[in-house]
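Labels run A, B and C following the written order; every chain starts at residue 1.
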């Protein structure tokens, strides 16, 4: 177990390092200069050079890279040009919004997806099952930015029920959360449905039935417990995707999270913040993957994580 | 859904969401006459008006109510504000006498040291406005209420430049956290600030004048136009601006909203790269201008809410002079092209920044259609702002469409920064124009300066350095209960006179 | 023949179920519309008509024609724009999948067949990439190389090759250990011979299924890039671009964002049903995500 965990951590570190390198190089390869972006149309070469020197961007690339990596170890990503604060502060101001949004979406997906999946399995082959299947397929494949726009059009512009964007009021989280939840919700519905159907055919379910247990208990206790493993795995992995999807959803709904910060910072060529947010996102992503792996072992003793 | 059930639904959702939101950073939900809820169309990323954001409209629009300048531009005239008077003891010195007895929101008195520290910080910040002060040699403070700005060449733009410099307390400027909640001598001070999201201003208790009618201003960033309109209609906000011109008509129909449209210091411009074929030929540049029906664009694309330009900068700017618009005349365009040796037109490109301004893509596509009609094939290049800027400065383009805003209200800001051949912004070099612009900058007599800019403007116009299609209007929308809104041509509305009934 | 073997596998047994026929007809209709639509109703990005701008569906335009789905912000017909967009979206989707599957299959087969260091390196790169939100990768790469048709295809292919590589590798491992492969090896067949004659044919069916499932994802990804302003350049009509452009006009012209979105949705749902059904029939255990 410790050996496995070490290996797992090692590869996670590799992912983070890879991501950091990619983002570092990408930002410098993108056309456009942070000093020019800040100075605008009237920028003179002297002004640009002075600013670049102030920010240490005139140093050779390897020096900048090493500097970036060594400071990254203590989560210091330098100063944000655009915001005039440490990049990490900008990230920590927006990250809670993204996590909050992701958690609400996650909760929504679980609370709606799970019962819907069970219901769908129980109604197997009937009209309701087919309808739910179609819905979950749609939820999985529709582009979230369009779903978001349509939700705004319907619920906000036409019915005036919910605010169309921002985080100005508590209910503002609902539209982005629903949009973000939809793909995950659909995956859960399908997994729960197929997992339940599969386990219903297993011998021990027949045994439970034969023992005279009520159908609710059979399904509720034995069936559900058995299909938790694939659900947890996929759901865990999807939580990371959820964070990635937040980039688009936050743009549509002007949600002040990390995704928006990232997009805005790329536009401003705010190197420090782009690097900080990507590294933090990836760090989050790999942590979830590790937790999911461990959880997997706990849920199913047959899985030997060192195997 | 009828009104009652919708209301119940809303309240239920709000209750549920509130329960879920307990852990979230609190954002004031206050909804009373004492709070004006403002939605800004562009995010306020920083309140530091001395550095990177010194020319940033969202930052200035908030900070102009917090920090006050020595002189202020009102109704086209520069008037004393913190300064009582000024004089030029010699041609290289501007001397300002501050008003006595002005205090900052923390109770400390305004002195010449504060002015010096503020100007020095702007220059050291190396931001976009620092270039205006390139000629400054020394800032001296002979006594507590006197400031001397010494320059190495004569600088005629000191007054209009100063109108963009809000004065902050010198001691506080040393504090790295000052700009989280800055204060100055203005009617408001910053109470709360979350970058890119939320700014709250509250009355400055030390303010010497009439207290602002509204106790608290709350700025929320809502980027989407439809989002802002919806929020207005749903009574989530009281006022917003930056509406695209073609959506104004629809808002005008609304019973609960008032629209105010007024001219600004902003305009569209389309530059030719005059160092590249075929734009080296003035006839080609003029031909492309004659190919455009500005009136039709104004009527349909801008719903009539813009002005066909009468000069390279809008008419309300100091130094602007009226020119004769280029007539829409495709025949003449073809004829000029033929004279220049392009009877069958030519192929070229036009770039613009996707983040430039409302309607930019529609505007560009329309222009391209007009040019196609006289045989000029223009390939559109919509670029990210950073990429656009890089190409622009490298003169790596054929033509470009953009929006300009002469925020100081002084022709120098646009003409002398961009059209000098040394700036080399659009490959156009004209010694006569250079001479006029430099003479105007060095002229201390403001009336003479205006005359020089008028001449410069005529050269730019007649030589068709670019096409100057439309001067933009600003459209502010507020709920009917809002009163006292005063239009500002800078395109940065202020709310220290606004109240809610 | 590789193609034949795939068809026979798919068509084996009973008549094709509704789950294949119906979505296949719809997808076929899209392909048809993309091919001949722009010929019937041409889209000229330069042909703007200010008097006709923001007209709702079923409006008669200034030139006497009827605009079935309304017009956009510069008075161009939305339907014509969507037909031209269908051509682009389908072409981008197909080209991306061809490229991604070529890269993926090549790497997957090499990794699976020879194993060892190559296998470790390829699969580790795949793992790293999977550990990185794909939209993030697309955003970064797209920002670096700039907007153009080929670049968008490249960006999307880079984010998709991993799935193909994994399936190809898994399949190669299975086939490699089959007796007929051992037999041909004993008979002196070269590696190239084995790969071409034994492994690649067996890959056709699963790769086709994966491609079907990925097709919808790629089309949505292309639209998302266009939506973020990192997709195709202005002047090339795409569904994502049109949806994005219509966003500013939700208040007074809902159809601009709505119509291309509906077209996109119907397509990806049908492709999704198709992919699911094929997967269930062929190999329920195939990992396609």
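Quick note on the criterion: contacts are C-beta pairs under 8 Å (C-beta built on N, C-alpha and C of every residue); 3 or more make two chains touch, one makes a residue touch a chain.
The UniProt protein names, listed by chain, are A, C = ABC transporter permease; B = ABC transporter substrate-binding protein.
The structure displayed is predicted, hence computed values, not measured ones.
Novice: What is the chain whose Cα centre is as far as it gets from that of subunit A?
Specialist: Comparing chain centres, B lies farthest from subunit A.
Novice: I want to compare two interfaces, A-B and B-C. Which one has more contacting C-beta pairs?
Specialist: A-B
Novice: Between subunit A and subunit C, tell me the centre distance in angstrom, where each centre is the average of that chain's C-alpha atoms.
Specialist: 23
Novice: How many Å are there between the centre of subunit A and the centre of subunit B, using C-alpha atoms for each centre?
Specialist: 38
Novice: Go ahead and note the Å separation of the Cα centroids belonging to subunit B and subunit C.
Specialist: Computed value for the inter-centroid distance: 44 Å.
Novice: Check each residue of subunit C and list the ones that touch at least two other chains.
Specialist: Each of 143, 146, 247, 250-251 in subunit C touches at least two other chains.
Novice: Mind pulling the subunit A residues that touch 2 or more other chains?
Specialist: Expected reply: 30-31, 152, 157.
Novice: Could you say which residues in subunit B touch two or more other chains, in rising order?
Specialist: Residue numbers touching two or more other chains: 224, 226, 230, 384, 387.
Novice: In the complex, go through subunit C and note every residue touching subunit A.
Specialist: It comes out as residues 124, 127-128, 131-137, 139-141, 143-144, 146, 216-217, 220, 223-224, 227-228, 240, 243-244, 247, 250-251, 254, 257-258, 261, 264-265, 268-269, 271-273, 276.
Novice: Given the complex with subunit B, which residues does subunit A contribute to the contact?
Specialist: 30-33, 36-44, 47, 50-51, 54, 81-85, 90, 93, 96-97, 100, 104, 152, 156-157, 159-174, 254, 256, 260-261, 264, 267-269
Novice: State the interface residues of subunit B toward subunit A in the complex, per the touch definition above.
Specialist: Those in contact with subunit A are residues 1, 6, 9-10, 13-14, 16-18, 20-21, 23-25, 27, 29, 43, 45-46, 48, 51-53, 55, 126-128, 130-131, 179, 194-198, 220-224, 226-227, 230-231, 233-234, 236, 355, 384-387, 389-393, 402, 404, 417-418, 423, 425.
Novice: Mind pulling up the subunit A residues that touch subunit C in the complex?
Specialist: Residue list for subunit A touching subunit C: 11-12, 14-15, 18-19, 22-23, 26, 29-31, 134, 137-138, 140-146, 149-150, 152-153, 157, 240-241, 243-245, 247-248, 251, 262-263, 266, 278, 281-282, 285-286, 289.
Novice: Can you list the subunit B residues touching subunit C in their complex?
Specialist: Those residues of subunit B that touch subunit C are 224-226, 229-230, 244, 246-247, 250, 296-297, 299-301, 354, 358-359, 361-362, 364-366, 368-369, 372, 379-382, 384, 387.
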